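Letters A, B, C and D mark the chains in the order given here, with residues in each chain numbered from 1 onward.
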Amino acid sequence: MKRHLSGFLPFLLLCCLAFAPARAQDAFTTALPGLAGSFGQIAEAVEKLGTSADPRALPLLQALQDGRLLKREDGTLLIQTAAGTTEVLGGSATEAGTAEAVRVNNRVRGALRGALGSLQILSTDPDERLKAAEAVFRSRSADNIRPLETALSRETVPAIRTQLELSLAASRLASPDNAVRLQGVAALAEVTDQNARALLLETKAQVPDLARQIDAAVAKIEGRLRVRQVVETLFQGLSLGSVLLLAALGLAVTFGVMGVINMAHGEMVMLGAYATYMVQEACRGTFLAPVALPLAIPAAFLLAAAVGAVLERGLIRYLYGRPLETLLMTFGVGMILQQAVRLIFGAQNREVTSPAWMQGVMTLPGGLQLTQNRVWIIVFGLLVLGLVVAAIRYTRFGLEMRAVVQNRRIAATMGIRTGRVDALTFAFGSGIAGMAGVALSQIDNVSPNLGTGYIIDSFMVVVFGGVGSLAGTLVGALMLGVVNKAMEPYAGAVLAKVVVLVGIMLFIQRRPRGMFALKGRAAEA
Amino acid sequence: MSATTVTLPATPRVTLRLVLWGAVLALALIPLLNQLPESSALHVGDFIVSVTGKWITYAILALAIDLAWGYTGILSLGHGAFFALGGYAMGMHLMRLIGPRGAYGHPVLPDFMVFLGYQELPWYWLGFNFFPYAFLMALFIPGLLALIVGYLAFRSRITGVYLSILTQALTYALMLAFFRNDMGFGGNNGFTDFKELLGMALNTPLARAMLFYASLVALVGSYWVCQRVSISKLGRVLLAIRDAESRVRFLGYSTTQVKLFVFVLSAVLAGLAGALYVPQVGIINPGEFSPGNSIEAVIWVAVGGRGTLIGAVLGAFSVNALKTWLTTAAPDLWLFALGGLFVAVTLFLPRGLVGLFSRKVQK
Amino acid sequence: MTNFTLTRRGAIAGLGAALAMPAIRPSFAQGAPIKVGVLHSLSGTMAISETALRDTVLMMVQDLNSKGGLLGRRVEAVVVDPASNWPLFAEKARELLQVAKVDVTFGCWTSVSRKSVLPVFEELNGLLFYPVQYEGEEQSRNIFYTGAAPNQQAIPALDYLLGADGGNAKRIALLGTDYVYPRTTNRILRNYLLSKGFTADDIMEEYTPFGHSDWQGIVSQVKRFASAGKKTAIVSTINGDANVPFYRELGNQGIKAEDIPCVAFSVGEEELAGIDTRPLVGHLAAWNYFMSVKSQVNDQFLAMWQAYIKNPRRVTNDPMEATYTGFKMWAQAVQKAGSTKVDDVRAAVIGQKVAAPSGYIEEMLPNHHLSKPVMIGEVQANGQFNIVYKTPAVVAAENWSPYIPENANRRR
Amino acid sequence: MTSHTILYLDDVSVVFDGFRALNNLSLFVDQGELRAIIGPNGAGKTTMMDVITGKTRPTGGTVKFRDTDLTLLDEAAIATMGIGRKFQKPTVFDALTVFENLELALKAPRGPMACLRWVLAGEARRRIEETLEEIGLTARAQDRAAILSHGQRQWLEIGMLLMQDPELLLVDEPVAGMTDQETEHTAALLRRIAGTRSVVVVEHDLEFVRALDCKVTVMCEGSVLSEGTIDQVQHDPRVIEVYLGR
């Protein structure tokens, strides 16, 4: 309450000053006092500044955006830079003192984006131009038509040209002239973009005269969007599938190959996520910070593998041949690991940041947008699968592992240290789970409960795919992901999951050995 | 799976029976001692009564699991689902009995339906205002589910860990389904704020004592049924199935039928336990379906000693007592203790606490 | 009452009952400590949120003792772990009241845990302070609700979105976790929107399970919903765990707050601590307190908390503030009543006023709810909130919403 | 197929992943006949038993017991029809006593409720005791099967087979691990049983097969190589080739 008043009174004062006929006011100075006012007034001032074409506007607006625009109690505005603080009017150097940053909200930020866009559309930096072109698309004002045309005539970079054309079309919709508007409608009809649809519908509401043309344009866009939606759903399914694949791969080794039911598998995943967090914290502020995530992959693998090896040598090996007991015991181990992590790191979520190259969307030819982190996780999932296959097929360790699985006694007589192979296999499976944790730290909570959400799904994937078959795990995970995502829009997320689970249960009872069942005598045993 | 039944020699059997009846008597005394004035040295607090009443229902659940797992080798990780379904059936009855005493004063609809905008009672809620119907449903619905799941699973010869994973998925799917508010079971909040049962106000010592005795009778009854099964030829067929199922088939027994019988019986007992549990704890919600709960219940049996009925009961009481104690005495560390116990028991005491005891007896 | 007799009785009571006895310190008639029960999950899914509240209560107890206790008696906290297990909440509540004989309990986070213990507190005439915003539609003589009722959070937030500063939203997507709080809140909001002239087409409602981690589909759905040419906003009642993946997906799919702002009712500083907030700048939360509030009481509260937890970077949040306020009110009421008897304290709590960290004087109303200010904050890059709106004065809680038509014929 | 053919296998094949365990096998066993089957390892003897008892479904061919198509039935149904089987590796129920093992095998209603209500009446007890006598385990009736010696387990399993009172007995290597004396005893027992029922014995021990004094079928690579008396087959050049190598 107090703060409101303190902001408001000087503003009134300033208004009086502003309207005092002291000297001729240009657009810049008339707009300025608004910046010390309420959010609405700031937004208005920003819009005015955007169209002012005043050279002082750009640094001022940038300062506002970065929180470097300060305001004194009396409403004087100051710009803070690395070099020092200067007054906006007059430009004389001064002390910041008790001045506070001018705060912005969404409304102001929206206005800023548009204003900066119009001001930067002719910038020499192509990145800024592209951003500006995008911003202008959203702010869509008829005032932008002329600058956009100018910009378009000079632009050489194809990506920016495309965006400029879009923005121009959008701005034309805001023109008072229906002929110009129709130009815009025609251009937007060729775009496959939800924002274009939104713009057109908005225009339709404002200009009912053009309803017919706009409807036709929207129908065209929607037709293409529908196709894209199918592709998007498929991508989302694959991405969910790759998460399931990552979570299940470790299990495919420990359960599928060794037959060990490890209920603490989810906790191995969780440990991997915490390893990611620890690596990130260790690298924070060092030159390694940008590559913390790739560095976390081996770290997570090693941590989870070490815990796995200890678990196998210390506990699980005494229970071979008694899978149900192993199940119960590892459940207890899971409880202990969870609580240990909770006591060490606290119950709160830990923040694992995504590196810049994993954020945002990636635009494919045809305008299809895929989220970067999901793309990376799909790639990572396939890489890890490749790693597992390679380790089992082409290494000495893989050979010994397969030998021990097929016939422990004969393998032992061949000089293979079966105990060591068991420990390594289990450690390997656990390590894979740890690597999955790195991926999950990018999309889910890094909390002690992280693993519990994945354990049942992982078991379902392995059993559905066929125990002991990596191909089955891959196909099973991807299928479950796609089916789940395809059903979600109709059934809702919860029901989709329930239906998928029931579906798997029915499937398993028809084919108890899963999709890629091992056939023959080995399976009969 | 190796044979782990503990067959006690004849003399300890008599002692065992004495111990059992002694334990039942001691339990039966608890509500009576509760009636003594608080100053008396023998007074037992209300808390003990209610918490012991709850453990008794857990013991019934443990018996049910033991019958399926300890005797027949069917490790179901979904018994919590049968327990919860029994609980829901009883919960529906209790909700109907609230009648117009709910916050909105609606004569028929429970509160959660009123504020979620239901206009009328969903069809599957009909009839639950009658106690016998609700009680029957508490047994019938778990039984029916077990029949369907068991038939599908046993017919396709899904055994061992596959069955465990399947039943775990079952209870998980049910949990997700019951969390949905659209199911008409109150979603996450489930049912609470029960008022009365069979004309008794639930928040009175009398009602607590009555429920306590009902549970005790049910426990003794369940014990009797399980014992009757275990000492009959059926019990020997079960052990035979557990140890060598295919051999039993070659003897001409339809193991699918036998296992189905036991699984359904076990589910019905679990449902009974759930039905007695809910009025005592005053809440039923989808959390009861969570896979962790089912695994925990299996672990009670493992701790007590599977393949013996007394072991199941002992396990349910001791693990839960430990949990009740530790969640207060060591709120930050109790998971270590409990997790450690599970690890230790599976590693060092494959026959559970009873194994410890009977080894001494045999010496 | 000593440990010994309890144990002996336990042994008589039979199987394992002895083990049930919590370790209670022997207490003596003279200057017996006042016992404060702490009923927050320290393990399981809710531990993420609830452990901080346990710490807050312990901090308040320590603070009170350092000032000489209450009524000349020491205050002692009895901490139990109900482990995010709802029936266990009821059992532990009973244990606190009957075995530990606590004078007051601070606890619960989820509605279901409160619903689970409510009959116990009513039967045994205990006193529970519940510190979390909730869906309302409840009032128990044994519970004091120090979090917000829907009219102190949800409706003001919606008003903000519909106003000029919030972007004049014309289409609202209601996203929530499928449980009673979102369901009820969204029902209230839907009726409110309809009363403001919205059509059903302009409201989208979608529920997801607890801990939902794959938001790709729903976020795309929202994007489609938002492409109808009207300003769209999201109102999120998504519960704790699912928020991190939700916000990550929002950020990754490039949903900017300037275009589709998302206002959340369950996301506070603690939740943001687990997210990289840079892509989320401008998304909103509605609470009755933010850590960034500038007030003297808040400065003290922050200093006290960070000193207690020995971490200068630990954040505070709304439920912690509500715990603080509730605790202060209880302590004042005990002073006023001159006893810890539940009936006396209950009578004394009503009308208590506390200068809360929110910077306002909050008062316990006769409906057992507080009058509180409503604030709306925008997420900043540093994980804090920039308060963009607050009510000029405190708002009295309406725990029975006028937008739920059935409340008209509610029993009073 | 004559009217008293009890077991009829015609053109039966079993294929595992491309491996033909049984290759167009045809075999007929008459009522009351005692038949020995010999053959080298991997000849398909055990697979044949699996097919008859319903453990393995044939890929093709006809399997009939009297007029019933066995390929449609499961193990339990086949067993209750009157086909008993003794396994190569003796499988008895370790957790149960010798007496209980026999009691389980005893021909009686097999349903769960029937088992629950089952009371061991005089007639049944007498039969079990007779069998105990027959297999020489009377003294060990109350011992758990787990502690029996290998030979005793063989006997117990034979006893269980007898308790089933089957019309057709399939006996897989009954004398492995038995002393000479026990082997003789077994041969005598099987001979005695044959006549009232049919017995098919799979065995490696040619001395034992000789002692059985019956028709012998030689199997090789999943089909019948030779059939006749023991002397006939022993002089069959094809048999000699298979046994002594090419």
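We take it that a contact is a pair of C-beta atoms (placed from the backbone, for glycine too) under 8 Å apart; a residue touches a chain by one contact, two chains touch by 3 or more.
It should be emphasised that the depicted structure is a prediction, and the values quoted were computed from it without experimental measurement.
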If you tally the C-beta contacts for A-B and for B-C, which one comes out higher? B-C
Most remote chain relative to chain A, going by C-alpha centroids? D
Just give me the whole-number Å value for how far the CA centre of chain A lies from that of chain B. 44
At what distance in angstrom does the C-alpha mean of chain D lie from that of chain A? 66
CA centre of chain B versus CA centre of chain C: separation in Å? 33
Chain A and chain C, separation of their C-alpha mean positions in angstrom: 29
Touching two or more other chains, which residues of chain B qualify? 176, 179-180, 332, 335
If I count partner chains per residue in chain A, which residues reach a count of at least 2? 338-339, 494, 497
Two or more other chains touching the same residue: where does that happen in chain D? none
Touching chain B in the complex: which residues of chain C? 5, 8-10, 12-23, 42-43, 78-83, 85-88, 90-92, 94-95, 98-100, 110-112, 115-116, 118-120, 122-123, 137-138, 178-180, 183-184, 187, 207, 209-210, 404, 406-407, 409-411
For the complex, which residues does chain A have touching chain B? 261, 263, 315, 318-319, 322-329, 331-336, 338-340, 343, 452, 456, 459-460, 463, 494-495, 497-498, 501-502, 504-506, 508-510, 512
Residues of chain B defined as touching chain A within the complex: 1-2, 75, 77, 149, 152-153, 155-158, 160-162, 164-166, 168-170, 172-173, 176-177, 179-180, 291-292, 295, 298-299, 302, 332-333, 335-336, 338-343, 346-347, 350
What does chain C use to touch chain A in their complex? 42-45, 47-48, 50-52, 164-167, 178, 206-209, 211-214, 216-218, 220-221, 223-224, 226-230, 241, 244-245, 248-249, 251-254, 257-259, 261, 270-271, 273-276, 279, 281-282, 284, 294, 378, 386, 388, 390, 392-393
Can you list the residues on chain A that touch chain C in the complex? 1, 3-4, 38-40, 103, 105-107, 109-110, 113, 138, 194-195, 197-205, 229, 232-233, 236, 239-240, 243, 338-339, 342, 346-351, 353-354, 359-361, 369, 371-374, 442-449, 453, 485, 488-489, 492-494, 497
